[in-house]
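Next, two complexes with subunit A in common: one pairs it with subunit B, the other with subunit C.
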Partner chain A sequence: MIVRLLKQPQFLIGFLFIVSLILLSFIYPSIMDVQKESKFLYDENEVIVGVAPFSPKDMPPFGTDMNGKHLLYLVLEGAKYTILITLVITFLRIFFALFFSLFHRKSKSTFFDDIVQATLYIPTAILAYMFMVPLFVKDATEPMGMMTLIVVQCLILVGIGVPPLVSTFSEEIRSILAKDYIVSTFSLGSKKPYVYYKHVLPELSSKLLLLFAQQAIQTLILLAHLGVLAVFIGGSKTVMMGDIFNLTPATISLSGEWAGIIGQSYQKLLTAPWIILVPLSFFAFTIFSINLMIQGIQNSLESNKS
Partner chain B sequence: MSNRLLEINNLNIAFGSGKNVFNAVTDLSLSVSKGQTAALIGESGSGKSVTSLSVLKILPANGRAESGSIRFDDKEILQMTEKEMQKIRGNEISMIFQDAIASLNPAMKVGIQITEGLKYHKQIAKSELRTVALSLLEQVGFHNPAHIFDQYPSQLSGGMKQRILIAMAISCRPKLIIADEPTTALDVTIQRQVLDLIADYKIREDASVLMITHDFGVVAEYADWVYVMFGGRIVESGDVFTIFNNPIHPYTKGLIGCIPSMESDSERLKSVYDYSFEEAGYKGRKFAPETYSMESKVYHAPSSLIEVEPGHYVRLFDENEVTIVG
Partner chain C sequence: MNFSFTSYLKRLRSILIGVLIISFLPSIFFGIAPLQSMKLWEYTIENRKYSLFPDIFDKFFYSMTIFFTALLLGLLVALLLTFLATLLPRPIKRAVYGFLTLLESLPDLFIVIALQVSAVYIFKKTGLLIANVSGAYDNRIFFFPILTLSVLPTIQLFKITFLLMKEEQNKPYITVARAMGLGNLYITLNHVFRNIMTSLFQYSKTIFVFMLSNLFILEYVFNLNGIMTIMLNTQGVSFIITVLFIAIPFSFLFEVMESYRGGLNVQKEDAA
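This part shows the complex of A and B:
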């Protein structure tokens, strides 16, 4: 399966982009001449001619943010948090959803499905925001540490994604269990765990891969939305920004994930659009890469069938 | 100990719940004796397959046996737990399904599928499973079993797949085989091979067969006892000679009349409806049901199976409920 996937150019391109981004995120300080901040721009006479933020034209390749931090390094630094957190959330969503679907198949009750269907119409960003705000209040009064906060936030993001997936998986498993060959297997005396392990899960595996990719995209979009709502994974702190005549409080992300870069600067969309557009482009490219991988997986499955 | 291996009495099977309850099988009684082949014959939707699934307690999730009894080898199936049933399924009773294409997992090698029942019911070393499977493949007529073992269902023809299903069904040497229209999806040339395999197994192992079919030709050749079913009820039953020589119920006559004949000079093949209204009753009592359309099943009034001659039963409306004129 893996060999077949690696022969799919779309899968390979998407996979390489994401893996390179994560690797670079870890090793860039040791392979690049990192000069992370450029608050001022000087002319040849060492006279200040500009103050951050600088556009990509002034400070290639991506320009700087309000504090003069190079966006290239910010996005590279944030990549590991953004992508790895996304992958962990996605994996846990799929894992728990599958677990509940397999072991609580009686949850086929329409009542459960109705509740899940109703929640589908609530934007997940609003749902996540509602659950996370009390967390920040608690963190402000009793600090819980960045790692604990990240874990709890991830669990919230996992939790809001599980019920719709349980509904999807339950439906899928029901349709597989209704297939004639499953009835035939049961008629031979097979036990449920065997049938699930040998027949249901392999049949579900292609769907699982696709759902994994789909969920990863949804999580990335959700993180971006939460960033706009100033909800950052790993928490935030408020700093005063601007000059001494015009100090304004701004919330900045502690972990540096991409949504944090967007959230802390989205007021600058008109004056310094690159600060938003660079992390947004990385979100878009990552989502595009995952889509390429989905395409590759689908092509591989199709070629396997024919 | 009785000679009857399977005995179903007054079985009622329903689907759905509340206002949407549908009675698929009503008051069904039949038996299969040891070493005998009983045929359950009727058109699609008459409740034959549902009856067979209920014997193994593998009815679809919304179906249930509401009342009655299914006794197998003097044990009450309906009272058994799932664990007890798992020991019986495949081991003492096994089933051959009609659609071999759908009944085999397309993503699993057929050899592995054959060993599924053995893994559960027989103490066979993993390394021995392949040998046993190869022997089973040989028994069902494959000359190159080692090659077939590693094939996927899509690489086999319809007849080969059906033989794989038979190999799976006989793998644990069950006492009873339920063959649910095993030849429906096959062309005529293959049908005989498949039926012969089942008949050979029956003779070799002194097993019993419950043959579900809508083909009276198959019944004539392989069955000892016949149950004719319509609309979830048995309408006529008897030994195969009696049913063929002296069918009484118009529905049975219709089914027998549907067998194409070389001698017939009729321009079109006859259907069951050409026979069903020729006569309305037997010795003053009306046949039940009144019509033979699956869309409008009619069992208006209480009816019962009446023994018209020793061992020959026909469904008639109860005397005090409906009487015929003339």
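This part shows the complex of A and C:
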């Protein structure tokens, strides 16, 4: 399976892009000596001619944010958190959904169906927001530490994605169990766990990879939406910005993932649009490479069939 | 068509139970009562309280106007583009398909923000205001939100119709029609398009759900006062009501679509 996938050029390109992004993110800030900040711009006579934020024209390649931090550095630094968080959330979603759907069929409960029916009409970002806001209120009254906060937030994002997946999986499993060879396996006297392990899971596995990629895209988009809503993974802190005469409170994301970069300067959208557009285009490239991987998976599945 | 009212009611009941569970889960998890400082029929935006009725009707119709106009616009443009694409030679078709995959990967947020920023940029450079890009409370804008909301459905519908078209081109009835000496244009317009429309119906639910999510981000970025803004800012009972406002008409649409599709399947089985 893996060897066949690696022969698909589209899959390879997408895969290499994501892997190199993660590797670069780990290597770039630590090994290479980079200039992380430039708050002021001087001319030849050491006179200040400009203050952050700088546009990509003044400060190539991507410009700086409101505090003068280089966006290239911020984006590369944030890549590892964003992609790893996405992968963990996606993996847990698939895992729990599979776990539940194996039991769901027997219990015949309509609990998941009801929730799935309702979530069709509520955008996922609103759903996540509903759960996140009480969490922040609770965190403000009794602080729980950054690590626990991240874990709870990830669990929320996992929980939101599970019910629709459960209904997809249980439909899939139902259709597999209806196949002729499964019926004959049962009539030959095999037990249920054996059939699930030996027949159902292998048949699901090709679909699982595809679903994993699609879920990863959805998680990335959800993270971007939450960033705009100023809900940051890892929490935020409010600091006072500006000079003494013009203090304005600003929320700052603590974990530096891409959605946080978007969210903390979202109010400055029209004065410095590149701060938002650079991380967003990185989101777009990541999603595009996942889409390429999906295309590759589909191609290899088709060639497998014929 | 075999639309049954009882199955619609059953669906509504399941939606109601689902929304109830969802709206009370946060307070169960975190032990914070949702109704602490709120009356039942109120929502807050930036610490100001507004009453839910009769505001919600107005906002609902505003959002739905944007939604359905965008959908219609997207569908028309997608069909037009597909028609134009069929006239292209084969290698260019492949390139178009690849380009569509690239466009499809753009997050909705990216498109909304990029369009808004570029409109402002054009205004700054030339002084030409294409359309208002942000709504104030009483000042409703239509043109720009509709345009923005229709971009992604157009791309998706274009991709779907493009694929369906490719599949349809290889079917025997096309070969027969060609053998009869009918023109390419005539076949595409009269036969292929009609068949595609019925298949396109199957994807409508996905596109509707996808567009609802887009509508939310659109309303937030453009600062429109629509139904999604209310949904974001309410809790408890008024949240349930807001969701039902969207759920009741849309679930009706889905029910009609599914019964229509069921009818199609029955027809196919009869034919076979």
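Here is the rule we use: the second predicted complex is superposed on the first by the 297 of 306 C-alpha atoms of A that agree within 3 Å, B and C clash if a C-alpha of one lies under 4 Å from a C-alpha of the other, contacts with A are read in each partner's own complex, and residues count from 1 in each chain.
Throughout what follows, contacts are C-beta pairs under 8 Å (C-beta built on N, C-alpha and C of every residue); 3 or more make two chains touch, one makes a residue touch a chain.
None of the values given here were measured: they were computed from a predicted structure.
K.L.:
Quick one: on subunit A, after the overlay, do subunit B and subunit C clash, or do they fit? Just give me the call.
P.N.:
By the criteria stated at the top, subunit C and subunit B fit after superposition, with no clash.
K.L.:
By the touch definition at the top of the document, which applies to A:Pro202: first (subunit B), second (subunit C), both, or neither?
P.N.:
Once the two structures are laid over each other on A, A:Pro202 reaches subunit B alone.
K.L.:
In the overlaid three-chain picture, which partner chain does A:Gln295 touch, first (subunit B) or second (subunit C), both, or neither?
P.N.:
A:Gln295 contacts subunit C only, not subunit B.
K.L.:
If you count the residues of subunit A that each partner touches, which comes out higher, subunit B or subunit C?
P.N.:
Of the two chains, more subunit A residues are contacted by C.
K.L.:
In the superposed arrangement, does A:Leu270 touch subunit B (first), subunit C (second), both or neither?
P.N.:
second
K.L.:
Given the touch rule stated above, what does A:Thr124 touch, subunit B (first), subunit C (second), both, or neither?
P.N.:
The second partner, subunit C, only.
K.L.:
Have a look at where A:Pro61 lands relative to subunit B and subunit C in the superposition and call it first, second, both or neither.
P.N.:
In the superposition, A:Pro61 contacts neither subunit B nor subunit C.
K.L.:
Who does A:Ala178 touch here: subunit B (first), subunit C (second), both, or neither?
P.N.:
A:Ala178 sits against subunit B, while subunit C stays out of touch.
K.L.:
After the fit on chain A, how big is the angle at subunit A between subunit B and subunit C, using C-alpha centres and going to the nearest 10 degrees?
P.N.:
In the superposed arrangement it comes to 70 degrees.
K.L.:
Between subunit B (first) and subunit C (second), which, if any, makes contact with A:Leu229: first, second, both or neither?
P.N.:
In the superposition, A:Leu229 contacts subunit C only.
K.L.:
Who does A:Pro193 touch here: subunit B (first), subunit C (second), both, or neither?
P.N.:
Neither partner.
K.L.:
Report the closest approach of subunit B and subunit C over their C-alpha atoms in the superposed model, as a whole number of Å.
P.N.:
It is 14 Å, taken between the nearest C-alpha atoms.
K.L.:
Which parts of subunit A are touched by subunit B and by subunit C alike?
P.N.:
none
K.L.:
Taking the complex as given, what residues does subunit A use to touch subunit C?
P.N.:
110-111, 113-127, 129-131, 133-135, 137-138, 220-221, 224-225, 228-229, 269-270, 273, 276-277, 280-281, 283-284, 287-288, 291-292, 295
K.L.:
Which positions of subunit A touch subunit B when the two form their complex?
P.N.:
Interface residues on the subunit A side: 178-181, 183-191, 198-199, 202-203.
K.L.:
In their complex, what parts of subunit C are in touch with subunit A?
P.N.:
Per the stated touch rule, the residues are 11, 14-19, 21-23, 25-27, 29-32, 101-102, 104-110, 113-114, 116-117, 120-121, 209, 212-213, 215-217, 220-221, 228, 231-232, 235, 239, 243, 246-247, 250-251.
K.L.:
Spell out the part of subunit B that touches subunit A in their complex, as residue ranges.
P.N.:
Of all residues in subunit B, those touching subunit A are 53, 56, 58, 60, 86-91, 94-95, 97, 99, 102-108, 116-117, 120-121, 165, 168, 171-172.
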